[in-house]
Amino acid sequence: MKIFGKHYHPPGTAPGTLRTVLSDVPFAIQVIDYSDTAFFEKEMATVAECQPYLAKPESTTWIHVRGGVPMETLRELGGLLRLHPLALEDVSNHGQRAKLEEYENQLFVIVHLPVLSDDGRTRAEQVSLFVGKGFLVSFHDAESDPFGPVRARLRAHSGKIRSRNSDYLLYALLDNIVDHGFPLLERYGEQIEVLEEQLLEKPGQDTLAEIHQVRRDLVLIRRMLWPQREMLVQLYRDECPCIEQETRMFLRDCYDHTVQIMDLMESYREMASSMLEVYLSSVSNRLNESMRLLTIIATIFIPLTFIAGVYGMNFGNNTNSWWAMPELRWDFGYPAVWFAMLVIGGIMLYLFKRNRWL
Amino acid sequence: MKIFGKHYHPPGTAPGTLRTVLSDVPFAIQVIDYSDTAFFEKEMATVAECQPYLAKPESTTWIHVRGGVPMETLRELGGLLRLHPLALEDVSNHGQRAKLEEYENQLFVIVHLPVLSDDGRTRAEQVSLFVGKGFLVSFHDAESDPFGPVRARLRAHSGKIRSRNSDYLLYALLDNIVDHGFPLLERYGEQIEVLEEQLLEKPGQDTLAEIHQVRRDLVLIRRMLWPQREMLVQLYRDECPCIEQETRMFLRDCYDHTVQIMDLMESYREMASSMLEVYLSSVSNRLNESMRLLTIIATIFIPLTFIAGVYGMNFGNNTNSWWAMPELRWDFGYPAVWFAMLVIGGIMLYLFKRNRWL
Amino acid sequence: MKIFGKHYHPPGTAPGTLRTVLSDVPFAIQVIDYSDTAFFEKEMATVAECQPYLAKPESTTWIHVRGGVPMETLRELGGLLRLHPLALEDVSNHGQRAKLEEYENQLFVIVHLPVLSDDGRTRAEQVSLFVGKGFLVSFHDAESDPFGPVRARLRAHSGKIRSRNSDYLLYALLDNIVDHGFPLLERYGEQIEVLEEQLLEKPGQDTLAEIHQVRRDLVLIRRMLWPQREMLVQLYRDECPCIEQETRMFLRDCYDHTVQIMDLMESYREMASSMLEVYLSSVSNRLNESMRLLTIIATIFIPLTFIAGVYGMNFGNNTNSWWAMPELRWDFGYPAVWFAMLVIGGIMLYLFKRNRWL
Amino acid sequence: MKIFGKHYHPPGTAPGTLRTVLSDVPFAIQVIDYSDTAFFEKEMATVAECQPYLAKPESTTWIHVRGGVPMETLRELGGLLRLHPLALEDVSNHGQRAKLEEYENQLFVIVHLPVLSDDGRTRAEQVSLFVGKGFLVSFHDAESDPFGPVRARLRAHSGKIRSRNSDYLLYALLDNIVDHGFPLLERYGEQIEVLEEQLLEKPGQDTLAEIHQVRRDLVLIRRMLWPQREMLVQLYRDECPCIEQETRMFLRDCYDHTVQIMDLMESYREMASSMLEVYLSSVSNRLNESMRLLTIIATIFIPLTFIAGVYGMNFGNNTNSWWAMPELRWDFGYPAVWFAMLVIGGIMLYLFKRNRWL
Amino acid sequence: MKIFGKHYHPPGTAPGTLRTVLSDVPFAIQVIDYSDTAFFEKEMATVAECQPYLAKPESTTWIHVRGGVPMETLRELGGLLRLHPLALEDVSNHGQRAKLEEYENQLFVIVHLPVLSDDGRTRAEQVSLFVGKGFLVSFHDAESDPFGPVRARLRAHSGKIRSRNSDYLLYALLDNIVDHGFPLLERYGEQIEVLEEQLLEKPGQDTLAEIHQVRRDLVLIRRMLWPQREMLVQLYRDECPCIEQETRMFLRDCYDHTVQIMDLMESYREMASSMLEVYLSSVSNRLNESMRLLTIIATIFIPLTFIAGVYGMNFGNNTNSWWAMPELRWDFGYPAVWFAMLVIGGIMLYLFKRNRWL
């Protein structure tokens, strides 16, 4: 049910209060320091070990903090890189919306990585990013490692990524995160196709439940994507000094992908709504059909049964009065009754036919 | 039913007309005067007693007026601090929307504290705040005391709150009020989960009523939050001289929380709407099911009962005509009728099966 | 049905064509001339009589024209005060939207006074106002006199109204008109509460009709309020020279009241819509209930009646063949049939119970 | 069905391709040349005859082209007055939206005249207008002559129309066209009132069809009015040199009328939607009522009929076993059965009463 | 189902990664080089062959690349004309939205050509266009050749197309693509008319399915047109140096066509929705009708059948007690029962008549 977790400090807590996040994922600091000519990669135990790499002026240092971050680490990182306490607080409170905040010479970005859970539902994992001159710090508290391909490109010196600054690294990470939406939506597209077939063949309460499921997922994904889209617009349009002019064109491409994903998603949502309408109207059609059958059967047989009931009365057995059911004593009474019943039934069938009920 | 009370002056009343609010909560003036080095806290009986503290240039004075304010007190406070009569009028008229008004060197803020009533419904309590250089006046007419944690932080000299001015105090109070929305929404989240389970297990008219209840509450909370959000945007964006640059960043954080709460609330609203749809379609499904059962039973048995009725007619008993129900006199008449009835019933069952009604 | 009357000139009429409005309300010109020190009030017979008061430079002259205005009067007033012909034309065409038009040194304002009709419906009466330096002309063609309280404040020299100019008088009249919305909405609020109780107790076609009535009224009131709101925004924001800076703050207060009324009204509209949904789903619930009862009764008794019908057939009476209903000749045939019927009925009840239909 | 005709060139046609419109209305060129002191009116055969009047500097020439315009005429007019080819192309393609296009010193306006067709539906006739210094060319391909009143005012020298320039003539024509909306909407208002009465008295499938008809017409009229409204805003706000300052105030009045018409139309649309809801809920109410009656009748009589069926079984006639329907041999068996049936029926009626079904 | 294909690189791919599109359409490079005086047309095998024509300063070179483009060709073209890698990447990823991107002295345009598939559904084919000084490159991967008419106009030197630059060629191609929407929408218009007739005559589940189909198609076409409209606004409004002032007027005309198409499409969508409502309410009407017939028949005959059942009981045959069905022994018992039944039936018919059920 939850795309966003609900984590919050109790009301009245002082602003900028940090806290240790308890997480199943083991805590790790992965440092990559690169320039056009050099590349260094190591897993560190403490924040202090990162300092020498951050101090180097010509290289870019990427510190990736994985798992639940201890309060201490946050504080040390904050002190080392002069990160704003309010931004640090948001790192450990996972229910944030995607956003971009500018501090002096730094950017703080929150973005959501859409992940397919084991139960087939979509989950959003918060990724927090600090970008400044010569460094990028990323936080991600989850099992999955979405940044493998970027790390591989850095190692392999493929493309222009090593010759650019931290703003291009930010773009590479955001692009990576945004593109995770494509396979996810493809899966929903396939599910919708399956549901459409089910609708035509044998729709049931299950189909309905699944359509609702898809709709709710898409509503939640949309809620995740909207602020992300705004954030990317801000990033490529605003004249923040951290982002170089050339990177901006790449960020626009990244924004285009987000809009494309949202477009697809809106189409899926409308299809799901449309399927719901088809389902409901097919239900009401079937109701109508059974009603009509029942009405036809009942309208024909109820009067006939009444007639049979009349001649099942016992008046003729108990008195000799001429008035006591004389029909029973007629020679052709029985065929006459059959004839009457057939005529009545025939007239009714004719009327139904004329009114297009048959 | 009411999130907002409906208090208004009769049409034609002169603007700025003050009035005494009758309240169950006893009237009290709680004064806190603090600076980085000093702290003073006392409950005053009259406005005049506050004057010496307000006069001190280096300290910030927080006057918290609790309960129904007498007209006199309002007038005295207005005179002492040069508050605008129209703003003072709004303090005692509780049906206001959240808003921010700028007067010369002063800000007037109305905000709503969401509170859970004893009957499980949400209530909005109006909090009015005047902020100027060196002072903050707050009005709150209710039992609950939402500002306890702030007072505690002031007393304990924890964080930076004592070293900042009245604009930071304003932030602290607003943050406190906004964060009250989180536990409230959590409660609605839990209620929605319970309702979802009920929907799957045994939905009834009660479930429906409760879904409607939740939806209406969320509509009203939304109506409360929208102007609050606008007010906060205005507060952190506008260049009003009362708010220092550094505090603005904190107000943006406070705004972020409001947006987060609204996001959650919108998700809950859509879930509630979705549950309503599920409920209605399950109702129509059940209607359909009973219809189908009825149709099957009736379609099979009505013709058979008619046949039985035919052979219950008394023609054979009252005349010796050969035409009088000869079937009754056949040796195998009875098994033949049973056979006919079984064939007819079987054909119908087969037709139902073929049309997927069974 | 009509909140707005439909008055229009035939297509092709020259612009600025005036006309006499036929009205049940007698025509009257009420003149008040006031300054901080002087006050004069008189009912005039002709426009010419007003001229001396208008000519006085230090006082403000308020000319209130009541009832259907003769074409002549309009023309004379227009000539005397240099009112624009298009604005004068709008005075007598009552189907206008609220609007603000600026002419040189003059403002033309159309606003609607919401009035409760005798039949419990809401009616909007058009009030037209011309404001210029030293004068205000108001037109109101209706029985009711909404401006009594303002006149009383002028006479009594209460508040600041006498020491201000015509722009403050404009505010006082607008405030008066806007505040008429509060008691009106309170009445709708009460009606909604009564309807909610009816919904829970014994909803019927009447309840539905009344909910629709309320909804339609609220739609029409909303249509009246929207342009009024825009007009007030324009009035307090625009830098038109007729409005003094200080009055602007009061107009903002007046605008706040309008927004508050619209807020309340939107809440009522959503409640009315919600009630409609509750009504419709309770109707479909009751349909479902009757369906289920019918299905249960019919499903149990139709097969049993069939069995009884079978043993009411007359085969056994008319032939001695062993095959002719041997069951009738068994000693325990009758109890066996009862037993069979009880078993069948019991199984069905059990099945219904298991499927939660009972 | 069509408010707008669908005329288009095949894809790939060169821009500015003119074509002759085939029309039932005979082609005619009506020329009026007027100044404050002179007036001349004549029907011309060719465009060339108009040239002398256009050449006169002090007078305004109004060329009204009626019926289907030959391609040649369009080309000649275009050459004479330097009209843009793209604008000329739009004159003969009738499916245009209302629009305003500025070319050097010229305005091109497309507007729609709402006309009531003989079948009671609304039709939009395209009117194209070119306005430049000293001339106005209008095109109208239809039977009706909407501009008669303007011509009459020109002839009669009534009002200020003769002393103004071509921009005021443009206003006069637009005002004329816009005001045609009022009687049209009045007719829909009356139709809605009639439908409301029908709804209360004897609603049927016809009422539904008519409500849908009205709704669709209003949707189409709205689609016609929206671009017209935009066009008028552009016309009175933009600083295009063709329009004099004083005329602008008149155009604003014309814009006000359009907004008023749209307002009325929106009210009618909402009323039509509301009527649809009332209709649908009254249908479902009636369904519910018949269901309830059926359920009551069936629930009471089905068990009783079963009992009667039981005692119509023939066990007692064919064996002397004590077990064979001993009730039939009891002295008071028959009254006992009646008593049992009355008790059962009474209990059911009581239960229905208690559950408010009766 | 798909108007847009879903093609995307796996997440983590480096930006600007090109790829060969596998297509059924054979790859071809069609080059046209033209100026006011010269015209040259040839199908090239490699990109290198185009170079001499591109180098000529006075002529415009149009390179049309048809079918699936090999990665190599893309790279060579990109090198030759300095196309941006991100734009080149979009050429081979077909799921793009229509967009306009400005690079230095170049424009990159993506637009969709609506095409009617063989199965009667609409498909959007992506057309990518690069425009720079003296050249235009177009990509289109499909069987159909939409640009034939433009090529014909170039060959025939008809109109002004040969004397203009590449920006006018861009307009000609866009106009061509946009105008393809008219015949498409005309087809939907005809389909809607056919469906309306079906609705009135004999609506069935098929009609419903087709209405849904049309609605979904229109939703998807709308999704295709919206970004196209935005792109055209940007193109004719923005001051990008590639577009000459005079061409802008033509682009505005092209924009007008798009708006016109969208208008038509919105009308069709509303009509389709309205038809759905008519269908659903006619279904519920028919349900109501069968319900009423059933209720009437059952209400009349069930009590009568009960009476007949009562006098079919066998009490009178098995005992001589006076209490055992004395009615059977009355002389006029049988006519009395008939009389009673007729009276009961008559009363019911009268009641139905009075309540307007008949």
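Chains here go by letter, A, B, C, D and E, matching the order in which they are written, and residues are numbered from 1 within each.
One rule holds in what follows: a contact is a pair of C-beta atoms (placed from the backbone, for glycine too) under 8 Å apart; a residue touches a chain by one contact, two chains touch by 3 or more.
A quick note: this is a predicted structure, and the numbers were derived from the prediction, not measured.
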Fewest touching-chain hops separating subunit B from subunit D: 2
Those chains which touch subunit E and also touch subunit B: A
Subunit B and subunit C, separation of their C-alpha mean positions in angstrom: 25
Distance from subunit E to subunit C - Cα centre to Cα centre, in angstrom: 40
Multi-partner residues of subunit C (each touching 2 or more other chains): 284, 287, 291, 294, 298, 302, 305, 309, 312-314, 316-317, 325
Subunit B residues touching subunit C - in the complex, by the definition given at the top: 1, 4, 6, 8-16, 84, 86, 95-97, 99, 101, 202, 205, 208-209, 212, 215-216, 219-220, 223, 276, 279-280, 283-284, 286-287, 290-291, 293-294, 297-298, 301-302, 304-305, 308-309, 311-314, 316-317, 325, 328-335, 337
Touching residues on subunit A, where the partner in the complex is subunit E: 146, 148-150, 153, 158-159, 161, 171, 175-176, 179-180, 182-183, 185-186, 189, 193, 196, 249-250, 252-253, 256, 259-260, 263-264, 266-267, 270-271, 274, 277-278, 281-282, 284-285, 287-288, 291-292, 294-295, 298-299, 302-303, 305-306, 309-310, 312-319, 321, 323-325, 356-357
